[in-house]
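Shared between the two complexes below is subunit A, which has subunit B as its partner in the first and subunit C in the second.
What follows is the complex of A and B.
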């Protein structure tokens, strides 16, 4: 007589795919490489060093944590630490000293990830937490680091004039390896400051001064909202964090991830779409005259939208939840850009929305098959 | 209960911060420098000793239904005293601690020891307990403040320790509010590990 069939009891999920953490993470690393090439091209080999140091520190910190907590140390090589380290480096200005990525990556892994229980248990994106930590700890290094060497040329100029020059030069000097000066978003922020000073001048009765200031603000904005700026942003010829330079190369990585089925389009599309919508509504000087193209291309929203909003651990799993997440993050990004103290709000918006992820998942839970709505 | 045991109880075994998790508000808020921590610890300890003394003395007179208001009156009296004395003799420290001196009134440690210890123990034991708790609180404050001042400012008790090179780029977050929470987490984790190693385990 044949033996009775053996029944195996197992926990869900029962669907087995050949996707593993390691495969996904190395796909992400591959997708990050084009942007790394752009960073190296525009900011020199130092950019490459910063990324390598950051990734190496992240893996080492992960290894030491696992060793200390007596967990299998092979987890350190599942690729997630490398991704965290790379993403952290992508969020740094190119002018930072080389110890900064070490401190940031160690904090991101030790406090942001392993202290919560390792991969899958961290409540916020470790790379962004590392960045927030560095911004709070070393505000000067983190906000002045993108002044390229050519900055000295404008040093004795007044601060608003220099940026106007920088923007024009950016268009006029296509052969330059790097363009000096503040990031495009910094420049935009300063036009808002100019508007504010124009407003206060007008309230003090100095109409002529107000006119000059307002005129300057709008002429700088006109230079920002131009095809030549868009072209530079797409190619990556701009000041900014290492990884956010070239939109085209970031998109190449994103398309690769979509093709490998690592990136699900709902999150990036709802995030970038919300940014564009609110950029149009209040991203400019008044209402409904902002420039969505400029806002989407500048700063870190493409980097964030492809590689950070889509982090599998810290963002919702439900389809509706993902759209809500993107909406919230996009709105917060634009509110910070327009009215916040920082020129860019991408990282904080994602961190804040990371905290709401459990709540979003809970309220967007799809109906279980056969479940009847309880009218209570 | 021996006096010595009551005295040492608060320093480690029932340390108000690390074991009872009481008095977190001043603990997180004023530990930006060792000087502030010592000042705050001394002020709270003084109030704690006085209130434990008086509560224990009056423990058979205070009707249990209105005991909490009575404790608050007693504590508030001493806090007002401390507030005025510090304002008169150490105005700089008084300014640095600011609102947290009047807030000693609602410090959980003081009310907790009045309610949990002094109202059912003799005067001497209550004072011993207050001294121990006060020392435990002050030591805990100094411990966190040492980390925060050293990392965030490169100094310890205003003495330059880490040199000007570090002080140009200190780990600023340690002085800021998030740093207090992060370091508190590390310290609590450290004490939990110690406890586990000693085989005590969690209650």
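What follows is the complex of A and C.
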């Protein structure tokens, strides 16, 4: 009943919703867990270790940075470093040595995030920056580390074969393609190389050789664009970065995020939609005969679409800006996949688009309520 | 019931209205000392026309209107002027007030009561509303007569009565509509007559089904509205009601609409039918910080502490005292402030109810952008303001902000977005003053 001597003063509003940054970050961690289960199932306990090491390194690096900069160290436990660490690990092949995620996660946090001022201030997605750093610095480790799915459980008698399956044999083994350690996008890229060889053979007058090469490319593509491949891609039984393979479990995480109102659908839908559209138009050997399903299910676009294109800090806040961001990232992804030097362009497309975010925000500011265009 | 309408954006803070929505309005007699502020309305304070020791009557003018956007102030009691001094006001600063020692509280009828307002001209009615000191009872306290006198050339075709009461906790308007619907409806007819409009309606959120039913039963055109904050903001209410957007930087009268609060309508009825100036109002006293929340009919100049006493005093957990609702209200350090015509609620919040989060960095989640009813980008304006880039803040539309608090409410980082935007508004306006 006692009346306080003085009431506390505060600015309006005096109430606040119960959504917090920490809750959002831990929702993202929860949403990432189903895919982690798939990674562990297909690539073995080592995949789990990589994720744990990466996340732990990220938190530790964040803690040390904050300590060094004399900022409140409680930020290290707000969940954002864990998300960065997990996402970096999800973008690594499962065959990498265990020190690699340590280097990558430390780089992601120190250079990608804290150097810019910490949470909310980084310009590009730190996890993707970490990955780009590793690809540039340790290209062999980052591309030779592909493992065939479930190889760890069958040791040397992997019934699905190993990642050493030759491309030539894949045409004869339409069921086996997705089990190979090489990623499906790698195989696809090689078919385009075969097409190019066929073209050069034809120009040299060797029509027979050109025919064989062209035939082989088409039959491999036919094997890739098949229902059995789709099924494997959907459940994640394929080579690839450890966290990107199981499309269905990534979607489970995505649905959870939508239900928790953390994921706003404009970004992932415009991104994946652009990838699908572009794949259909330009993805094949001619026009309008590409396979959008294959392109959406393979590589990292679902992981990227749900967890990285939609990273809050580094993407636009305006509704129109989000659609533009998704469009741009989708286009760059497909240009890299189709004509670039890498089989997958997801991470670079997002990094490049991250740089345009402030500009997009500025030019897509929504029309204010009651605002009348006065420039006609 | 008609189609339930709403506006775009907004948020859904928990209502907490059941704390007091079932409590009938209780009339509190005037306290022994009333402290009547001379600036209960928006605009210039009224000039005191009484001096110390004067015996005055209830309803007597104690402050004269001092300009166009200003109103006269009246004494709510019969008594003696004790002093005229600056006192703490519910908007946290101090302001001049007339302190009157109460003798009694009868009388108060200072104008001729009109049995049939239609027997008088529109101008006479508007003059009466002005002389009675009626201002908007919804919170902004804008002089009502000004809203009834559109400049020549503006054609008003619609009157919307605001019974939305979208601020959480508050139930004063709700109780008023339930207990005194006839005054509200008569006041609405008077306002419509003054404006010369035949199209008038009352907007009520669907969380007050009893009020909607009652008003419809009384033959009133009711506009049921979705429960969403800030449904009762003038521009949002108009958008939901008639689908017209008030131009940015403009007024509702620019698109032919006038909005008045239900409490204002009841005050107009009192002024016109009973010949009594605006002396009392309905106030919700609520929150987990008071023992038994309730709705009161108190005279202006009653101290908040008296209202709290009436509600059983403070509970042990009280930490914050607010004049108004939790979204836009002003937090006070003391309860020794007087009720004004604009006091819709006195809110005592406990530590568990009041905001208790530390501000973190913007994570650019965009929730404020999606929720802003004016389609601003609050996070970007706030960022510009923090870096004192006032030009950029203005480019992002900072001046349009009405400080409804929706952005700060939804922000997961607990950022004081409204505060930054207000700061930007002040700076932009100050810079303009310098240039001019």
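By definition in this document, the second predicted complex is superposed on the first by the 320 of 376 C-alpha atoms of A that agree within 3 Å, B and C clash if a C-alpha of one lies under 4 Å from a C-alpha of the other, contacts with A are read in each partner's own complex, and residues count from 1 in each chain.
Simple rule for what comes next: a residue touches a chain if its C-beta (ideal position, glycine included) is under 8 Å from a C-beta of that chain, and two chains touch if they have at least 3 such contacts.
These figures come from a predicted structure and were not determined experimentally.
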Check whether A:115 is in contact with subunit B, with subunit C, with both or with neither, and answer first, second, both or neither. first
For A:138, select first, second, both or neither according to whether it touches subunit B, subunit C, the two together, or no partner. first
Does subunit A have more residues touched by subunit B or by subunit C? C
Determine, under the contact definition given at the top, whether A:371 touches first (subunit B), second (subunit C), both, or neither. second
Report for A:7: first if it touches subunit B alone, second if subunit C alone, otherwise both or neither. second
Kindly classify A:23 by the partners it touches after superposition: subunit B alone (first), subunit C alone (second), both, or neither? second
Which partner does A:318 contact after superposing on A: first (subunit B), second (subunit C), both, neither? second
Okay, in this complex, where on subunit B does subunit A touch? 169-174, 176, 178, 182, 185
Give every residue of subunit A touching subunit B within the complex, in rising order. 103, 111, 115, 133, 136-141
Would you tell me which residues of subunit A are touching subunit C in their complex? 1-4, 6-17, 19-21, 23-24, 78, 80, 117-121, 264, 312-319, 322, 361, 365-372
Within their complex, subunit C touches subunit A through residues 11, 13, 168, 235, 239, 245-250, 291, 305, 308, 313-316, 318-322, 326-335, 347, 349, 353-355, 357, 360-367, 369-370, 373-377, 379-380, 396-397, 400, 403, 405, 408-414, 416, 418-419
